[in-house]
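Consider the two complexes below, in which chain A is the common component and chain B and chain C are the respective partners.
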Partner chain A sequence: MIANEWTVFAMRKAAELIAAFFALIILTFAIVHLIPGDAARVVAGIDATPDQVAQTRTDLGLDQPILTQFWSYFSGVLTGDLGDSFRTHQPVVDAIASRLPFTLSIAALGIVITLVVSLALGLTVAGLTRGNRNQWLDTAFGWSTAVVLALPVYVIGAILIVVFAVSLGVLPAAGASSLVSYVLPTLAIASGPIASMSRLVRREAAVVLEQDYMRTARGWRISRLRQHVKHATPNLLSSTLTLSGLILASMIGGAIIVEAVFAWPGLGRAVVDSIIDRDYPLTRGIILTIGGIAIVLNIAIDIVLAIVDPRTLHSGKVLV
Partner chain B sequence: MVGLKRFAIVTCASVTTGALMISGCTTGGNAAGQGVDTIRGAWMEDPTTFDPALSETTDDYRAMRLAYDTVIRRDLDGDLIPGIAKSWEQSADQVTLTIDQGHVCGDGTPITPETVAHSLSYLADPETESLHTTGIFGYGDVKVSPDNAAGTVTIDLSEPHSEVLPGLAMPQAGIVCPAGLDDKEALAEGSEPGAFSGPYALTDADSGVRYTFELRDDYDDWPEYSEPNEGTPARILEFVVGADDAVANQLLTGEVDVAPVDSEELSRFGGEDSFDVVTAVTGEYYIMFNHNEGHPFADETARRAAAQVIDRTALRDVIDPEGDVIQTLGDENTKCAVDDESLMVDQDPEAAAKVLDGVSVRIVGANAIGQNGGGSIYIQERLANAGADVDLTNTDIGSWVAQVYDEPDTWDITLYATVNNLGTLSWGLSTVIGDWYSEGGRNVTFSENSTASEALAGALSAGSEDEMCDEYTQAQEAALGSTDFIPVSMVTQSIVSRGGFSVMTPGGREDYTTLRVG
Partner chain C sequence: MTAVISPVTSRSRTVRRRLGPMLSTGLVLMTGMVLLAVVAPHFFGEDASALTDERRQGMSPGHLLGTDEFGRDLFARALVGTRLTLLLTSAATAISVICGVTFGVLVWMMPARVRDLVLGANSVAVAFPGLVLALVVAAILGPGALSATIAVGVAGIPAFIRLSANMAAPIMVRDFVSTARLLGVTRLKTLIRHVLPNLGEPMLILSANSFAVTLTELSGLSFIGLGVQNPEYDFGRLLADGLPNAYTQPIQIIGPSIMLVLMGGAAMFIGDGLAARSSPRLRGLTRARRTGILTRDADSPAPTASQDAAQPASSIRAHATSASPICLSVRDLNITDGSGETLVDGVSFDVAQGEILGLVGESGSGKSLTAMTAAGLVPEGVNASASMITTAGHDLLGPTSAAELARDVSLVYQDPMSTFNPALRIGSQLTEVSRVHMGQSRTEAQTALAEKFRHLRISEPDECGRRYPHELSGGMLQRAMIASALLTDAKLIIADEPTTALDVTVQAEVLRQFAEASDSLGASVLFISHDLGVVESLCDRVIVMRCGEIVEELSGDQLSAGRAIHPYTRSLLNAAAYLDPTDKMVRKE
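Presenting the complex of A and B:
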């Protein structure tokens, strides 16, 4: 019976995965054609003659019927060939491969920091304010996280640069030249998620800490740290994992702004440049990659949740 | 409770310690001045190619200048000085270059007349599809012939063209050595060191991140400028890519040594003695009218009215405060440029209002000209104040270019900017007078000023400099006399260098081969 439930679950997830990827391929193809302007003109250059523009259009395959262009793109995606950049003529796969690690690294570091800090902060505040104690802390926590949440990431990035790079001179202002270069972009990308997730953890932990088994644990005089880490944290995992998956997916997409502020050589900055340059293959490839990662992450979280809490096999979240 | 407090304290202490440890690390700044052998700069984007003939972006030109020498160079005041060629002779349809002996390619191959001829033939070949061929050689057939015995290269033109020499001084006309011409793919990638004829060889290209050049050990062919270029050439040049929004911060923190900085950010360096700012020019700003029938500015009276309400100095302050206001499409470094303010239309808003009141005007603008397209917004405000019914489309560069060139029915007026690597009058003038773009020329305004157009053609086919300047003067006076366009100001690029580093601007142009330490 259990094996059957898992089989149905796996088939549904597989179907969702395929449908989402197919939709993504159509979307990425359609979206670049919504960008105004003539890619052939931009690629040929401002000084190109009408003949040169026409030749460029032919060279790029933009004179082909739209269905022919779509089939070329679709069949390429299925074989792992995303074409060549209109601008640099470099294979798109290579261009993405050189930039993806930069985006993934700050997103991964960001989610790790978010999880560690949020769990620690949320649990600590929940513990210290349990039973209406230390109300000032609850208020301060609520206000400070609200302020951080209200600040756009580019403002947080600018503040970090002014304080730590320009004024104190202890961290690089931009670029990815060394390990310390990761500090400010990671802090910038993680600050908002830390605020939102720590609020969630604090709220969930307040409920968990009032449960009977936690009162029992306290009665056994288990240390507070052990109570929280061993008994409370596992019961917070379901909600934090769900949120962290969504946050990680949004971090990869949201890296566009952080990468611009910190001149970070990742996918976010590249997609902006590619749109301006009308570099259709690169734009499509990057959006496909970011979208694909988001789809895989969401499904992976559903699977992890189903393992951690089998009840979700039947929940609306899983059986979308 | 104690355990939880300890946990909180430990967490805070860990975070603080981590921050302090990180803070203890330096930002990797380059110590300025003597003893440094690396200069760190910044580019906007990846170069699209390392083939000079196929280059087309600002960062391409920066890279080409480093890696390839040209037969002719420009002095600080814009005059032509020897490069690979030690002398030259020019007639209306022929240029003869005498090649200086001793120049060598990156692989040690001597640069001979044959080397130069092969490279220029590749540039001139229609099959190369270079965007620069007509600017350099004109519209006719080109034959390039070496004479190794005489040490000369002769360029024969089927149609006279007087701007071959300034064309040959452009980075796009850099001499590609035989190893590059034999392997075009490697040439485009910059992966064939033997292709390089310039002082620096590309040694590392990390797309989207950084480009590194190394000074060639055997290179000693620096141009002899009228003023010495003090300091030592850096052994390594590193250019980070895509840092244009962050580069001012990086200069202030010492992460970058020399970089182009937007004019809005220059005030951050104003009070700092440890920074130098030089201003290079890259082209000209001017207002283009659509002269086509049915458009409001087909009428000369309407064009004059627009000129009567658009204050060129105010517009310059909006779009590029560092640029000089110009009376034609060039400045004092541009050969044959007129500098006669009487050719400009005087301000007269009241007279303009009588003409423009109720007239529908469509402006198409690039949001990169002035902050958020401030230049076009200024024009919109001025025309609207004169009573015109103005519709403004401010868009990105790609859409703007496509609309101006390929959708001429959709706009009446635009604020235009050239990238004038030639440094000649013709580059801008031919976009507003002369043969129409739709008929194989460069004029996108559909103007029909036969006096100006014939004079422009005369200047381009002149056999001497005096004749060329006479014709150019006629062309400028005729075009400005009928307000075919409104010159505004030079397009500038400010380059900020930290103390201990310097850069020069030969002919007012950016040239990173002049980067020096000390």
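Presenting the complex of A and C:
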């Protein structure tokens, strides 16, 4: 029976995954078609000759019937052929493959740091302010997280560069040449999410700590640390993870911007350049990749949730 | 901006107190921003765009934040940039709010199936990073201020659809809505009359937060080159212009950074302040005192811990128990809540070794508070003081050993469904004391627990520990809790209405095992209940509490013989006489 529950769960998640990817493929496909006016004219540029415009139209496949276009795009995506970049004439897949690891590594590092730090921070603050203790901490936490939240990732990045690279000169400001280069981008990308997520954890923890089972745990007179880590955290994880999908997914957006601050050779820089250059095959490919990561991340959170809290297997995440 | 802050009259102080510090700070900051957006271009417009020979200057009285590579005054540019930033951010937020709310409410006009599909798709869109959605729009419309505004605005729509659809949901299924439909009122009318007014406050909070997010994303697009284009500039553009010069002229990033933080912070403070105001629970708490403390009565002597000290309280009874040693002794226990109101008033009692003492009273009589304090677990929200609390040989008013106390005192609570941790396996929870305080290994503890399960005739004793609480019944969980008392050889078991949440048929079995367990351990039991029938069949002696005071003390025999004197006890007895569920199936000598 247990196996059966997991089968249903796996099938539902697989269906969600496929549906979301299909929507993403349609969305990226539609980019060119939603361009106001004559797309070929816009892409070729204002001072293009009629021949160039016609060539661009062929390159974009706009001279074909729309279903034919979609089918060739769709089958291309499935076989890993995203076409060639207009600018470099290099396969889009190669361009993405060479840059993806850089984006993935700072995003993954940022997510891990965010989860660990905000769980520890939120739980500690909730524990210390329980029953009106340490009111000052409550206030300080509220204000300081609000300030960090008001700091966009690029401002944090800029401040980090000025402090650690320019003034102190201890960390590199740009590039991805060594492991130390990861420090500042990861810090920049994680600080905002840490602020919002630790608020979330703290709010949820305040509820969890007042539950009867926490009183039971206190009755066993185990250490505060063990109460929090063993007895509170699992209950916190389920509620926190349900709500934190958004925050974690937004880190992918953060990664794109942070790359501009630290001259990071990842997908973010490439997608911005491709949009400015109107290099549509590359834009489509990168958005498909980044969006795909976001979808996989969300499904992964659901799976972790089901493992941490088996009750969600039966009910599933509430859709609306 | 200073003009806005300076007149701190008594009136504005009252306003601030009513609004709360966060909301008033946010409102003041945001008003300042709006004023700046209106006037700054008039006063600083020239300095901000005039190309001069004073290039790349540092801070000076003439140029507070220095100048850029074209000799333009950076302080002026930061102020003037406010207008465009504020306009674009407001426009984008407006797109999100208006489209989101309209669609989120209209979704209720659709047939249920379509609605589920749309909301399902929307929940996927909400979880999709807004910036990526914005990139799609930017790719369609090309880089520029207009396309960035639309992009960020569109990216914010799903969140508002979700909120307004969620807010509408409980209203749309209410009775009066279906009645209204029967009466021929259209859905649209219902939505406008009943749903929209309820949206106000949460929508304001989300809008304020969304403004902050929009500001970040919009300036972010400008920063990476997809938003506002030169020669126009907003904060993001200014920061992007300044950052390449961070090594030579770090001052360049200060202006736009501070402005971004001030504007974003203003929106954030407004949102948080509104949210804090709308949750009265939090507001009320801020004035309360610290609670959960147990102190020794200042005017009472230190405990002599002798039998004499126990005498006054037990004078009523001339019982055999006075010969056996005392396991729990409480003197002059006072409990007050956070505001100082007395909940328990001067309660004193003893429990002899091996004795089962019933503590009876209606809810609110202070019996649970008394028991919890006697276990050394003063709940949050109240404070306790006493001249003496000696529990299983430990003076709770002095320093105690957590390990010994955890081993010697075992607790069983009222509702097993909530006192077990839903996320942990039963065995892992119940062996906590034996593993942490008695140094047993995981397998040792599990084996010992299974043995106790077997002893209590719990079915499948070896598998039971691997189950999660939701897989077992309430009676089973309560018996498992009793097993954990057996596991540590507890000297005192404090049971707070352990059978109240159970079916009557299960109650009897649990009570019998309770009696057996305390018998085999030779442990004392403090048994709290509001059910005199249960108490009568189980307890050697009964204390009746009312409004925080002990009103009567009876032996079990006196109770069953109906020899209660106090009118309150009599009324309790009369109430119990109608429903006497338990026969004398439970232990009785």
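Note that the second predicted complex is superposed on the first by the 255 of 320 C-alpha atoms of A that agree within 3 Å, B and C clash if a C-alpha of one lies under 4 Å from a C-alpha of the other, contacts with A are read in each partner's own complex, and residues count from 1 in each chain.
Here, contacts are C-beta pairs under 8 Å (C-beta built on N, C-alpha and C of every residue); 3 or more make two chains touch, one makes a residue touch a chain.
Predicted model only: the values in this text are computed from it and were never measured.
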item: Which of chain B and chain C A:Ile307 touches, first, second, both or neither; value: neither
item: Which superposed partner A:Met11 touches (first chain B, second chain C, both, neither); value: neither
item: Broader residue contact with chain A after superposition on the shared chain, chain B or chain C; value: C
item: Which superposed partner A:Gly127 touches (first chain B, second chain C, both, neither); value: first
item: Contacts of A:Val207 with chain B and chain C, given as first, second, both or neither; value: neither
item: Chain B versus chain C as contact partner of A:Ile26, first or second or both or neither; value: neither
item: Touched partner set for A:His231, first chain B, second chain C, both or neither; value: second
item: A:Ser178 touches, of chain B and chain C: first, second, both or neither?; value: first
item: First (chain B), second (chain C), both or neither touched by A:Ala140; value: neither
item: Touched partner set for A:Pro36, first chain B, second chain C, both or neither; value: both
item: Doubly contacted chain A residues - partners chain C and chain B; value: 36, 42, 161, 165-166, 173, 223, 226, 260-261, 276, 278
item: Interfacial residue positions of chain A with respect to chain B in the complex; value: 36-39, 41-42, 44-50, 52-53, 55, 87-90, 94-95, 98-99, 117, 120-121, 124, 127-128, 161, 164-166, 168-178, 180, 183, 223-228, 260-263, 265, 269-270, 273, 276-278
item: Residues of chain A defined as touching chain C within the complex; value: 16, 19-20, 23, 27-28, 31, 34-36, 42, 130-133, 135, 142-143, 146-147, 149-155, 158-159, 161-162, 165-167, 173, 210-213, 215-223, 226, 230-231, 234-235, 237-238, 245-246, 249-254, 256-257, 260-261, 268, 271-272, 275-276, 278, 280, 283, 287, 290-291, 294-295, 298, 308-311, 319-320
item: Of chain B, residues touching chain A in the complex; value: 1-8, 11, 15, 22-25, 27-28, 45-49, 56, 129, 131-132, 135, 188, 206-209, 240-247, 249-250, 252-255, 395-399, 401-403, 405-406, 419, 437-438, 440, 442
item: Of all residues in chain C, those that touch chain A in their complex; value: 22, 116, 119-121, 123-124, 126-132, 135-136, 138-143, 162, 165-166, 169, 212, 215-217, 219-220, 223-226, 236, 239-240, 242-243, 246-247, 250, 253, 256-257, 260-261, 264-265, 267-269, 272, 285-286, 288-292, 338, 375, 377, 379-381, 402-403, 405-406, 411, 413, 415, 418-424, 429, 432-433, 436-437, 468, 470
